[in-house]
Every structure is written in structure tokens, then in C-alpha cells.
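Read through the structures below before going on.
Below are two complexes that have subunit A in common, paired first with subunit B and then with subunit C.
What follows is the complex of A and B.
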């Protein structure tokens, strides 16, 4: 067994090492969240909203990492679920005086239910890999068309503006996420929940079965796992996360627009995960932050050329660093570690 | 009767364009085992080639051939520089074509702007039968597309190149052990595929707003057509395109165009669920 394998597959480690790695993950996550919690005091007003948006985008990247990195099925339609969440939030929020929980629940349930139905037909119909990707791509194109042509409800090309921020009642009092800092903390809250869910999946037997399916679906089904059901569940969970991210994004940006549910956003989400490292949770986060911050910088200099930068950067990363930035670093670390072991032996 | 007539011709028009696109996608898909996600952009490349050349005064029918050649040359170039390096990583090859599609779209946008361009129809007048009329040009396009599909079919069934390709379809390993140079055929197949897409774009140009994103809507139905056609025979993609295009026109006429597109994809997903191996049965002896 090579050093790379021991890094990528920690499951065979003994329980003490398992415990240590768990504690390290927990500590790292805690530190990250604490740093993110105090971040707004260092940011200007514009950057706070940008930060909140990046947090919401990170959630949709995590949702794709769950499906692609963990279960091996690449969805080109992640923006469809994100957009469905955003529009569910915006439509309910602007039209009705509803309890914030109901709106948030709609942003979760509608995309998740759609993914459940779609996943049933696709995964039980033995649609996998590239075929699955293209069908999800078709799905986002259709969703975009529906949003643009259903003007009376979705506002057509202009979308919905003046979407109210989220207010969540907790028994007697309510938490208001409408202020600028409030929007940031809404992003952080959703992000923390999504990160928790993703870590849970990674450590659970559910996550292990997904990885087994990714590596060899035949073998997994020989072992008695209902693999289409597992994939459908992963797809549904992924869509639920993407939908909540979209709902939070609509609340943070106070609008819902057709570019939240289009092909380009889908491809961008995919590039964030691929550039960061598709097999790593941290990859999804690193990729999203790098690409969003870069987007912001490029838009100032070359306003129209962002897709060109995304495309070129993406091609280079896929060709030369298929494991992404985080994957490349992990490989480097493993190489250094194995060299140290060899030296110690010699 | 009036409606049926225009429905039939609209269907034939959509099917002939979609058939060309799907045929190109199918050639690449079956031979290289990857999906060319930049296929839609090659449609736009073909259409813009026609825009540029007809502006220079060249006759439309000549620009068709040049557009197909431009698409083919660009495809061969991309295959031999990028895709070739990813033969053992097919999923990454798909991602690379996706990135290339973004790049091509943006380059077209920067060269030609995002306002739609148009091409003047080279044939005017209408086709009149029993008091019904239809633009004559669309009919010539249908004929041209059918001719192109037939030519591709003949090429793959009669030429020695095509026969080798058929043998790779049937059994890749034994073809390679018999000394087939896979790299050469991959390169040419990719070029033929993108050339067909560019040809479809050039046929579409006088009938559509020429935009860098004009091909986006053809990729998904064309891909579904390839799945429906099954992976063993080339013309299956055209049959799949007939299914997709025909349904889209019928549903689109009964409801709206958006619902036509949505409905077709939903139906296609159900069909794939029921016949995952494709609509056509496996051929016994002859392929294509």
C-alpha cells in the first residue's frame, strides 16, 4: 500500500487514529467557523455581502462535491436546484406573508422532491456517468426556459427584485437576518449546517457505501446494497443542500434572476469543485473562494471576459491537476511523508 | 390540413438539423467514448463562418462547404492537441470539452459581439401546393441536410475508412489488435463530428438568429437522440433525432415551445428508463 492510499482511505486506520483524525477534523472545522464568525468586523460593507454570497455558493459547491466526489455522479444541473430554491424563496417571500421557516422549507423540499423523482427515473433506469450528466444539463436548460417564459410568476428576464430578507421565529422571539451583518450570518448558519451534513455523510456508513458505488458499482450491488437507491438518496440530499443555498442566496442578494438557474452557473459550480479538488470537502470550499474572489477581481478589469477566464483555467486544471488544488497539496504531503519514512528506514 | 402541412415541414426541418448534430455527436461518442460538450459551439462556428463569408460576397452554397471544413479543421486541431492526451481519462476529456465550449463561446462573443447576426436566404419564394405555402428555402435546407446525412452514411458504409470505423464500433479490442491505428481514427472521427455540427450551423444560419449561444439548445436533445439510437449503430442517432424532433414539434404546437422542449426531455427520460439500450434493437450482422 502506498502512502497516497493511506491518506485517501482512512477507514482502515485503527480506532485511536480514527478518533484523532475525527478530533482534528472537528477542531479544524471549529477554527474555520470561528474565524468566519469574526470575519465581518474586518470587512467593508460591500465585502460583507460578497462574503455572504460566497458562503451560500460554498454550500452549493459542497452539494456537488457530495454527489460527484463522494458518489461519483457528476451533475451539470446543480444550478437548477440552486435556482429552484432561490425562486421558491423569492416567490413565496414577495407574494405572501409567510413564516420564515415555511419559506426555507419550500426552498429545500421543492428541489429535493424534484431530484427524488428525477433520480428515481435516471438511477433506476441505469442512467449513469456522462448520460446522467447530460440529462441534468438538459434539466437546467429546461428550468431556465421555464423561468424566463413564465413571466407572471417568475418575472421573466428581469427576475424578482426586492425580495425580503429571512426572518426566523423561534417560539416567542425571532431572529432577523435582514440587516447587512444578518445576511452574512444567515450565510454562515447555512454553511455550518451544510458542512456538518457533509462531514456526517463522510463519516457515516451511507458515505462509505456511496464511495464503494463510486469505485465499483457492480461490486457494491453484489454485496447486497441497493445501489440505485443510494444514488437517488445522494442526489436528493445534494439537491436539498443546493436548494437551501439558493434560498439563502436570494435572501442575501434580495433578488432572484434567471442567471441563478442557468447553464453557466452550473458549469461554474462544477469548475469550483474541480479546481479545488473534487474528492475533498475542503476542495469545494477552496475552489469556491478562489474562483469567486478571482471573479470579483477580473470583473473590475475585464468585465466581459469572465467566462473566458473560467474556461481556460478549468481546462488547464483538468489537464494538468486533475485532483485539483487541495488534491495536489495532499499528494505533495503524502510524497513528503513517504520520503521521510524511507529516510527513517534507511 | 393547413396545420398538418406546416407541422410536417416544421418537423422535417427540425429533424434534419437535429439529425446532423446528433450524427456528429454520435460519431464522436461511439468512436472516442466521450461526449463533446463543445458541440453546440461548433454549430455557432459554422453559422458565423457563413455570416463572415457571405458578407465577403461568396455565394451561400459555397460557404456551406467551407463552414464544414472549418469545423472539421478546428475539431482535428483540438483532438490532436488536447483530447488526445486524455484518452485514458474519458471523464476528464468531457470536462475539457466543456471548458473549451466556454472558451469558444466567449471568443465568438468577443469577435462578433452579442447582437444577433443574420444571413440572407439565398432562395426566396414559397412552395405552393393546393393553396398551402411554405418558404421554399426551408425545403432546400431539408434536402441539403438529408443529402449530408446520406453522404455520411455512404461514407461510413462504403469507404474503407468507414468500414474500419464500423469495425471499431463492433469490437474495439479486436480492431486494435488487427493493427488499426486508433489515434488516427479518433482524430478524424472527432473532425467529422465537429464538421457535421458546423454544417448544421451553416444550414441553420439563414433561419435563425446567429449568436454564440445558438447551439446550446441542440446539445441536450442531440445527446438524448444518441442514447435513444443505441451505441452500436451510427444511424440510430438519426432515428433518435427523428423521435426527439418530431415530438418537440407536436408538443410545441399543442402547448408552447418551452413546454415542447420540456415535454420531450421528460418523455425521453421515461423512454430511457424503459429501454436503456436504445430504441432500436441490436443489429444482427450489418451495422449502420
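What follows is the complex of A and C.
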């Protein structure tokens, strides 16, 4: 076919453009991580731990973004997987003298395995959208009840305290994440890994198929894609990230408590993602930072009525920026750019 | 007859509630690169496609692809075996760009067999060129015109390496020029895979060439060339009417 010759050029141009956009994304990500790496020198001791917690929370926001933004399935169960990771870490960490890698692995594998089984039955059983959200809400309620009732293992209402910080052995030496700065860098480390995973998913054909399923699952399955399998994989990956975030959070905060595994945290995670923008990776960090900082500041000033203020802020942002703060900025930039083009033409 | 390139129904009956939509129907496609399926409303054309693609399960009878029994297989399995479908209402991924729509289709999982269009390595750029959508690779499918969306879906179905491509009303709602472009596309595609088209527009079917199958009330009325069909007085009575004289 002669067509092969004619398209060779645009194909190369495409890959060059892809390469440039890829390099820009990597450059931007590198700058962000570098800025986050030097941040502790400017923060007070209290804020360093807060920063570490926000980074761990951002990972759980990224995990929901993967499922909700990319695959279109909104889960209220994110706190269940986060909490499972936190409790897996806290229980193993306080009871046994284990290699840090094993504890971290448990915080990943237990939530991911649970999501694999739950996701298999839900997605292959044609449970989708609102019904999926409701089942995941029920799931987090059950998980919370288990933690509160199973006192001998989980510590019941009080949870588990004096959880040891993470120490990871690397061959001969070990990396200690127990100091204040160490805890911050643990948060930054898992945030970097989660961001890298999210970037990989976005650029992979797996991510593209998830977006196709979000748009029209029937069409995707008539192209031969096993769509329930794709959704189950997305759910499992999302739970794995949430679990690692929970494990790191327990290490950073040196405790595991029932409010790390309840519906209120699930809803908060959802607001972080919605505020930041569910289709923009940067939105996970932006939304989490804005909401956590706002939470802390407002609750200092208004100890009684702060939820009202934070709630109102959420409603206003969602009304005026349905695509989130980052989404709103991106739209504004696109509008300004097109106006500049029009001016240049005129 | 050579069974290696055939898609067939054997004594298939399909009922929706009390209504018999396909009545002991036996059909075979594959001898001609392009086949058209025509018939008055309610003749069962779309049901034939739905049976071919596994959406509708027959009460009795069997579905054969290249002589292999595929009755009762899921739509996903049938799609992977190479029976790919374009729907009556254009269904593309609206929030994906034209390029990504084509990419999703091109990467769709397939059973590798000789004789499928997969043997030819088509790039998405190649197909976009044929569709006339090269300049719109970055455009969201939602922003395309109705005709462009039809072409995009035809291109996607083609990129999914079909052995049989089923097109349900590919020219519906198109103007004369768009319709000619569509017919040209389908003729090009039929060089690489067997194509079956449901259409009402007789001008479009003449443009396509190939053989014609006429359904009436869930039964086969006649299968043959366009000339044979137009010469048949029963077909003229039930379907073509004045249109055939035009």
C-alpha cells in the first residue's frame, strides 16, 4: 500500500511530540519532587510531621484518582484499604520483630488481595457505578466494625499506639525512617513511587483501555477487551497504593486508630480528589494539601463550626470548578492561549 | 463450499417473548467480499447481526464461523474470534481523541489466525488517512460531525482485525457526498476482510456492489446479485416497490 509511505512522516512527528510531552512531564515531576525534598528545612517540627501525613494522604488520593478518574468507578472504600494497610503495619510492627520489608509488603498485599477478591465478584457480577459505590461504602462500614470489635488484636476504640517507625534493611546497611525528618522522607518516597505508578498507568495502553471503558464499556467489550478483568485490576492496584499509604501513615503517626478506616475518611479522600481534579495527577496533591491545611487552620480558629466552613468551601469549588482546581487552571490556560492566537491572527 | 471464510446461521430461531423474530433461518456469508442485508422494517436484519455477535442467543439452531460452532459463545469471545461490529448508532469513545480511539481498537486482543486482517500491519495513521481524519488525530471524538464519527467507527472496527466486519446502517443520516465516501471506504476494507452491510438506501447498495440477501419476517427471501434481486418479482412486491424502477 502506498499509504504506508505517506503516513510515515506524521507518525514520526507524533512520536517526537509524545517524546517532548513525556520529557516535560518528567521534568515537571522532577522539579516538584525536588521542591518537596528541600521543604523540611523551611518547616517547623510540627509541620514536618503534618507534611509527612499529607504526603501519605496524597498517595491514597492518587489511588482513588486511578479508579475514579481513569476507570470511572467511584469507590467509598478507599479508607478501608488505607486502614487495612495501617492496621497490618501496626499489628505486625508492635507484635513481632519483623524485617521492615515484610511489614510493608503485608500493608500492600492484604488490601490488594482483598480488593482482588471483592473486585472479581463485583465487576464480573456486573456491579457498576452507583451500585459499586454503595457496596464499597458498606465494605468500609464492615471493616470499621471489625476493627472496633476485634479488641484483642486491633485495640478496639483506642487503636494501637507506640507503633514503631519503619526501618528498611538494604543489604549491609539499613535506612531508618523513625526520626522526624525520616518520617517526612518516608512520605515523600511512597508519594514519588505512587506518582511514578500513576504516570506509567496514564501513558500505558492499560490506562487507555480503562479510559475507553469509562467512556463506553460495551463498545470496549465488543472490541474484545475483557472489561471486568481490567476494572478488577484497576481496583486491585488502587487498593495496593491505598494500603501502602496506610502503612506509611501508621509509621509516620506511630499509631493506628479506627478513624483511619471509616466512612468519614473515605468521604474526605473523595473531597480531596474532587477539589484537586480527578482527571489531573497534580490534583491529588493539590486537593489533599488544600483540604488538609484548610482543615487544620479553620479548626484552630473555629473549634465548633469548622466543618461548616470546610463543607461550604467544598461546595463552592465544585460549583465553580467542576473539574477541580487543577482542571479549572488548565481550562483557564487553554482559554488564554486561544485568545492569544486569535489576537495574533487579528 | 469453502468453509474457511464463512459466517453462517443454521436453522436459527430467535424469539423475544411470544414474538418470533428469526424463523428457522439459514444464511451463509463469505462467498462475496461485500454482502448487503436488506429487508423491510422488522425483517430481523439487526437481530441477525446480534446473533452473529453473540448478543442474542437463539432458541434453536447454530452459529458457525468458518465451519466452527460458536453458538452460545460470549460477545467478547466472538469479537476475539474476528467478528467485529459497527452499531447502528455510532458508538465511539467520546472523551478520547480520534488517535486514541483508533489505538484502543488496534490493540484489542485477537486470536491470531491466518486469513484475518491482522496479517497486514496497519498503523492507526494509515487508517486515519483512509478515513480522511489524519488532521483530526488530536480531536476528541465528541467534537466530530456525525459522518466523521461513522467513519471513525468503521476505522476502529477495521483496526480490530476482523475476519467479518458487520456494519449496521453505515450510511444512515449521511449526505450524498459523505455516503459516497463511506461506500468507497467499505469497498477498500472489503479487500482485506469480508464485509456485511445492513442498509435501506438502494443507491448505496448498488454503489457497494457485491451480493444481496433479502430478509422478510425473519425468513430468507432471496440471496443473489443485485440484478437477480431486482429482477425477482416477489422481492419487488414486499420490499423494493417503486424504488427498483427508479
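One rule holds for everything that comes next: the second predicted complex is superposed on the first by the 323 of 346 C-alpha atoms of A that agree within 3 Å, B and C clash if a C-alpha of one lies under 4 Å from a C-alpha of the other, contacts with A are read in each partner's own complex, and residues count from 1 in each chain.
We take it that a residue touches a chain if its C-beta (ideal position, glycine included) is under 8 Å from a C-beta of that chain, and two chains touch if they have at least 3 such contacts.
Just so it is clear, the structure is predicted and the values come from calculations on it, not from any experiment.
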{"item": "Subunit B versus subunit C as contact partner of A:224, first or second or both or neither", "value": "second"}
{"item": "Partner chain(s) touched by A:346 [first = subunit B, second = subunit C, both, neither]", "value": "neither"}
{"item": "First, second, both or neither for A:125, with subunit B first and subunit C second", "value": "first"}
{"item": "Subunit B versus subunit C as contact partner of A:146, first or second or both or neither", "value": "first"}
{"item": "Which of subunit B and subunit C A:215 touches, first, second, both or neither", "value": "second"}
{"item": "Which partner reaches more residues of subunit A (counting touched residues only), subunit B or subunit C", "value": "B"}
{"item": "Contacts of A:35 with subunit B and subunit C, given as first, second, both or neither", "value": "neither"}
{"item": "Complex contacts: residues of subunit A adjacent to subunit B", "value": "74, 118, 121-122, 124-127, 129-131, 133-135, 137-139, 141-142, 145-146, 149, 263-264, 267, 270-271, 274, 304-305, 307-308, 310-312, 314-315, 318-319, 322"}
{"item": "In the complex, subunit C residues that touch subunit A", "value": "53, 75-76, 79-80, 84-85, 91-96, 99-101, 103-105, 107-110, 123, 125-126, 128-130, 134, 137, 156, 160"}
{"item": "Subunit A partner contacts - residues on subunit B that touch it in the complex", "value": "34-35, 82, 85-86, 89-92, 94-96, 98-103, 105-107, 109-110, 216-217, 219-221, 223-224, 227, 256, 258, 261-262, 265, 269-270, 272-274, 276"}
{"item": "Touching residues on subunit A, where the partner in the complex is subunit C", "value": "1, 3-4, 6-7, 10-11, 14, 205, 208-209, 211-212, 214-216, 218-226"}
